[in-house]
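Quick heads-up: structures coming right below.
The following pair of complexes shares a single chain, chain A, combined with chain B in the former and chain C in the latter.
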Partner chain A sequence: MRLKIIRRKETKLVNKILLYVIGIAISFVVGGIFLTSLDINPFAYYRDMLTIGLIGNYYPGKSVEGLLKLFVPLLITSLALSLAFKMRFWNIGGEGEFITGALFAAIVAFKLGDTLPGFVVIVLMCLAAFVSAGMIGLVTAHLKVKFNTNETLVTLMINYIMLYVIKYFGETKADWNFFLRTDSERPVFAKFPENAIMDGIKFGNFKLLYTVPAAIVIAVIVYFYLKRTKQGYEISVVGDSVNTAKYAGMNVYRITLRTIFLSAAFIGLAGAFTAAASGTISTDITNNVGWTGVIVAWLSRLSVPVIGVVSLLISVLQYGCQAASASYSQIDHNFADLMQGLFMFSILAAGFFSNFKIVRTGDKKDA
Partner chain B sequence: MLEVLTLFLFNIVIYSIPLLYATCGEIMVEKSGSLNLGVEGTMAVGAIFGFLAGCKADSLPVAVLVSFITAALVGAIFCIFTITLQANQNVTGLTITTIGVAVYFFVGNGLGANWPVYRECTRLVSGFADIEIPGLSAIPVIGKAFFSHNILVYFAVIVAVLIWLYFEKTSIGLRLRAIGENPGAADSLGVDLVKYKYLHIMAGSGIMGIGGLYMGLNMGGTFEGSNCWINGYGWIAIALVIFANWSTTHAIVGTFVFGFFNTLRVYNMPIATTFPNTFGWLSKVPAQVFSALPFAVTLLVLIVNSVRSRKTNKSNAPTAIGVNYYREDR
Partner chain C sequence: MKKLLSVLIASVVMCAAVLTGCGTATSESGSQAGGSADSDFIVGAIYINSQNDTAGYTYAHHHGIVTAMENIGLSTDTNLKIIDNVPEDDEQVRTAIEQLAGQGCDIIFGISFGYINAFAEAAEEYPDIVFCHATGYLSNDTNFNNYFGRIYQARYLAGIAAGYKSLEIGNNDIGYVSAWGTEYAETCSGINAFAMGARAVNPDAVIHVDEISTWGDQELERQAAEVLITTYGCGVIAQHCDSAQPQVVAEEQGVYGCGYNSDMSVEAPNAHLTAPVWNWDVFYQLAIETAMNESSASEFFTNIGGNYYGGLTEGMVDIAPLTDNNAPEAAEAIALARDLMVSGEWDVFSGTALSFSGEAGSVTCDLVPQALVDNEGNEIVAAGGASVDDGVIQGSMNYYVEGVVAES
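Let's look at the complex of A and B:
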């Protein structure tokens, strides 16, 4: 008996959902085995993780604020990456684009934060981040279309170059370096002027930053952009087949440049949001969002509503692991990455089984 | 003066060897037509399990073997998803990096105080000690810099040369390259694609694992909760594959060049003070520039190569890289 893989003609939605549920369940079981090996009760740990430390917490507002601070950049980055991925353009430069955005936002904040009114400063910060990060996208897209330069590797290199750029500003004590605090011996990033810090609406001791509604608005815009506009349609055609797009008279060069500019620019915007929300920058400001975003976008199969849900769940996972690690000394926040990886693998497997099936060869026609 | 130079060269070799393992492993993987972005995670897994097993058995061969096997198993996961389950290679690779590094921290944190003390594993330590090659190590400067290293340094160079011979001189290597260039054609000639890819990706991943082990041993085998031993070397290796133009013998030179920048980062002061007239300026160069240089140079090589290959096709990059092969799509 030999096994053979064949493509399914169609899969019922119920079966698809069932496959994904089974996949997630398996990840939790495997994660539970890992936890048990450290003599941690998985049920207790998962409870602490999934409730993000809200139980018995005197300041639940702070936990939710912390969760949203992870959620906003992850949501925007994943959405932006899905724009590129829809076109089969492998922008894995989220880290570098995010840093670029945060850096340029910080430059605006330090240079203009004292002189201009708050609203104007924030808008300028976002604009600077949007354009500067977008430029990286333009260059990569140009290289890809004109010279077929491997975009995965180009964006990967830019990630590291930008990482060392921000490290340079963060670690160099000098008179010209306006990024740093002047009253500290050690190099420490300075706090933004008051006007350059993101404000929000207060509900008791919980403050909803304006970045949260802004991120949701961006999600809605991206959804309609992809589903309802000509440009969104062009993205999916180029993604399916560059030749089809060419024969249909589309300008592939322009479409690629425009889309990748937007993809990178939105990630830069996420960087500006993060910088403005925390009122400063740091060398690990990205919190690996460029990598996690790839996983979220793919887990969600590039669907905008699903990205919303998945990025919220991944944020719960990350924040929950941080919160839970307070009560479990043997384990740290990296457990979130482990779970993330397990989810990813099970979703990849579920994706396979909803598109293909394994049959025995030699059988008559399969049912 | 000569001492500074000798130490400088000596350190370049020490710091670049893990890159040579990782690069050779990744070249093997990429020659089969797969782009595995999971080098960092694969190295992390090989490093920690190889180290722990090596300490337990108190033997370097055991450490090397276990790091090879565990990393090869990680490679098998990559194969199952990208070859059998047709999953996207970039995403699978990134997931492997995420989960591999997470496993590293999980095991390290989980062991806590039970973490083995490297220097108490005397036979492992002596296995990793420097060996002076008789005769050659007596040559001034070069002898110390190149011929008095631990055994894994020599082994790395041997591995690189063997892989080169394997690709250039054996028919199996030729068939593997054919798979990386044009899987459809190789398939039609009756090459068992799946078996070839699985075996070579697993072997390549295993070699990366040895590089990870080396890093752990070289850092004295202490687990730090905040920093992974691999510390971005896996990503540099991916860059190096391009820099070396997919040739393992070029990789020997390439790792030396990358190691040169890397060593300058920590060694620029002694060089600048010893040669104030010629290299005095080195002391003013920020450390981050040296760290970023390998990536910047690779970016440049990548761009120049692709612009040139428009006209001449000089690049050795496997044509089918990064694309999954599904027979019925042909």
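Let's look at the complex of A and C:
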């Protein structure tokens, strides 16, 4: 007897949903076994996790705000990455592009934050981030099309380069280093001037940051860009086959440059949003969205509405795991990571089984 | 497919049933375990590494908080909320603080220096919660203080042990593996105090400092110790870094050493002399009790006496028990110096030096007026002068004293 993987001709929606439900149920059960072995009631833990610790919370508004602060950068980054992935350009430089954006936004904030009005400063910060990160995209795209370099390696290296650049600014005490607090003997990043800190609309102790509506607008724009515009169509043609695109008279060089510029620039913008909302930068400012975004984009199969749902779910998972683990001394952050891994793995497995099935093939010789 | 499904569903149901059973059982035993003095009081903590670490900086703090709560009679199951692996990023620290505040914490400890901005802001935003930040320099005069300890006092004592050992083995070269050098007052003051302790016993001793430029990297710590022993010929290896690697190297190479943070004679039984150690529970117990006994969080800063900088007197710092590897005079000399510091009669960075003499059994200690001079000959404190300010020791000390040589 042999096992063989074959592609399903079609899968009913009900079956698809059932597969995902089973996948998630299995990860809950496996997580539950771990929790039980640590003497923790899994139901109480899951309740806290799925409600992001809102039950019995003294400051529920703050929890929702914290969740949205995870959601916004993840959403924008995943959308931006899906632009590149649609063209089969493997931009895994999200981390580096995010840091670039945050760093240039910070330069604008420190240099102009005191002199210009708040709205202008924030717009300039976003612009600086958009252009600076976009330039990195341009360079990698140029190298790819002109010299056929491996974009995976180039963008990967950019992550490390930018990480060390921001570390350098964060750890070097010197008179020229305007990034740091001046009153501290130890190097530590300073706060932006008041004008450079993104505000929001207050409802009691909950503050709806302006980045939230901005992220939703970006999602809508990306959706229409990919679905309804000529440029969006060009992206998918180049992604399917560069030669087809060439035969159709498309300028592949220009399309690649334009798309990767946008992809990197939007990630930079996410960096600026995060820096402006936080009022400072740090070496950990990305919160790994450059990596998580890759997973979100793939789990969502590059569909914009699904990216919205998946990035929200992953944000709930991240925030909820941290909130729930706070209550149990046996559980640390690593366990929260483990739970996230379980869920992602089971969703991927469900996606696999909704496309493929494993069948037995009778092979007499081997039997 | 149907068969597979039914098997899956059956197993899910079974597991769920099993889990419900276990769940109820554990929640019962959990409630029994919780002893309480004031069961409403919730302690929150934010760690830089994992709460399940078995050694190192986060472990030392976690151990301190747990010990303090057990002493007070608070349950660490129900009254302690921890968020760990929080990087030094304002947004992520703020999120952690908000989660702890939302869960009703009455006092929140942050153990890493880079939490400083977020803690200062949160203290203004949540006036009903007490905030304590380790190793920082910010505070307000109501609900926010910072805390640290006079570890330099313990390092001076370890220096005495190293000094006697260097006399005994006839090797004046002493090595010191340090995370950082003069960039941080914390490491700088530690090196200086250790050097002064060693030279109070052996005035010819030279302290070779190898700086690894990171708070923790086992491989670099190892290499630095090897270089100090093989290239500079050091016979005693002291350290200010997270792991026990320098002591392990000392053990392998047949030389001696002074660890840090915990009694490292476990890792290096034949090399280890003693180690400066922290007793964080001393502060944590004081802080929690102060917060529990006051009517409002705004009284905290006054009630605890401002920012906390405890030393040998309070028991916040100390040295690990001396091993048999020590020279015979060490124990007596250390006891004499310790008494002077515990009583407050003398402190390390002053215009008075200690001078030890005599054989084992009759070691004496004299207080000698002697200027505190850096290794470039600049006078820091005149002979007979008072100790430098705590602010210098904690914040602005950026020079090495006589006898210290930076090797990297």
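Just so we're on the same page, the second predicted complex is superposed on the first by the 359 of 367 C-alpha atoms of A that agree within 3 Å, B and C clash if a C-alpha of one lies under 4 Å from a C-alpha of the other, contacts with A are read in each partner's own complex, and residues count from 1 in each chain.
Please note the rule applied: contacts are C-beta pairs under 8 Å (C-beta built on N, C-alpha and C of every residue); 3 or more make two chains touch, one makes a residue touch a chain.
Here the structure is a predicted model, which is why all the values come from computation and not from measurement.
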Exercise. When the two structures are overlaid on chain A, which partner does A:V306 contact: first (chain B), second (chain C), both, or neither?
Worked result: neither
Exercise. Of the partners chain B and chain C, which touch A:L208 in the superposed model: first, second, both, neither?
Worked result: neither
For this session: Could you say whether A:N334 touches chain B, chain C, both of them, or neither, answering first, second, both or neither?
Result: both
Exercise. In the superposed arrangement, which partner chain does A:L127 touch: chain B (first), chain C (second), both, or neither?
Worked result: neither
For this session: Check the residue A:F356 against both partner chains and state whether it touches chain B (first), chain C (second), both, or neither.
Result: first
Exercise. With the two structures laid over each other on chain A, which partner does A:V237 touch: chain B (first), chain C (second), both, or neither?
Worked result: neither
Exercise. Now for A:M135: first (chain B), second (chain C), both, or neither, which partner does it touch?
Worked result: neither
Seminar exercise, completed: The intersection of the chain A residues contacting chain B with those contacting chain C is 329-330, 332, 334
Problem set entry | Residue ranges of chain C touching chain A (in the complex, touch as defined) | 1, 5, 8, 11-12, 15-16, 18-20, 22-24, 26-27, 29-30, 44, 50-52, 76-77, 80-92, 94-96, 98-104, 113-114, 116-117, 137, 183-185, 395-396
For this session: Show which residues of chain B lie in contact with chain A when the two form their complex.
Result: 35, 37, 77, 81, 84-88, 90-92, 94-99, 101-103, 105-106, 109-110, 112, 225, 232, 235, 238-239, 242, 286-289, 291-292, 295-296, 298-299, 302-303, 306-307, 310, 317, 321-322, 328
Problem set entry | Residues of chain A touching chain B in the complex | 5-7, 34, 37-38, 90, 92, 143, 147-150, 152-154, 156-158, 160-161, 163-165, 167-168, 171-172, 291, 294-295, 298, 329-332, 334-338, 340-342, 344-345, 348-349, 351-352, 355-356
Problem set entry | chain C contact footprint on chain A (complex, rising order) | 18, 22, 25-26, 29, 32-33, 36, 39-44, 53, 56-60, 62-63, 65-66, 69-70, 173, 183-186, 188-189, 191, 274, 277-280, 282-285, 287, 319, 322-323, 325-327, 329-330, 332-334, 357
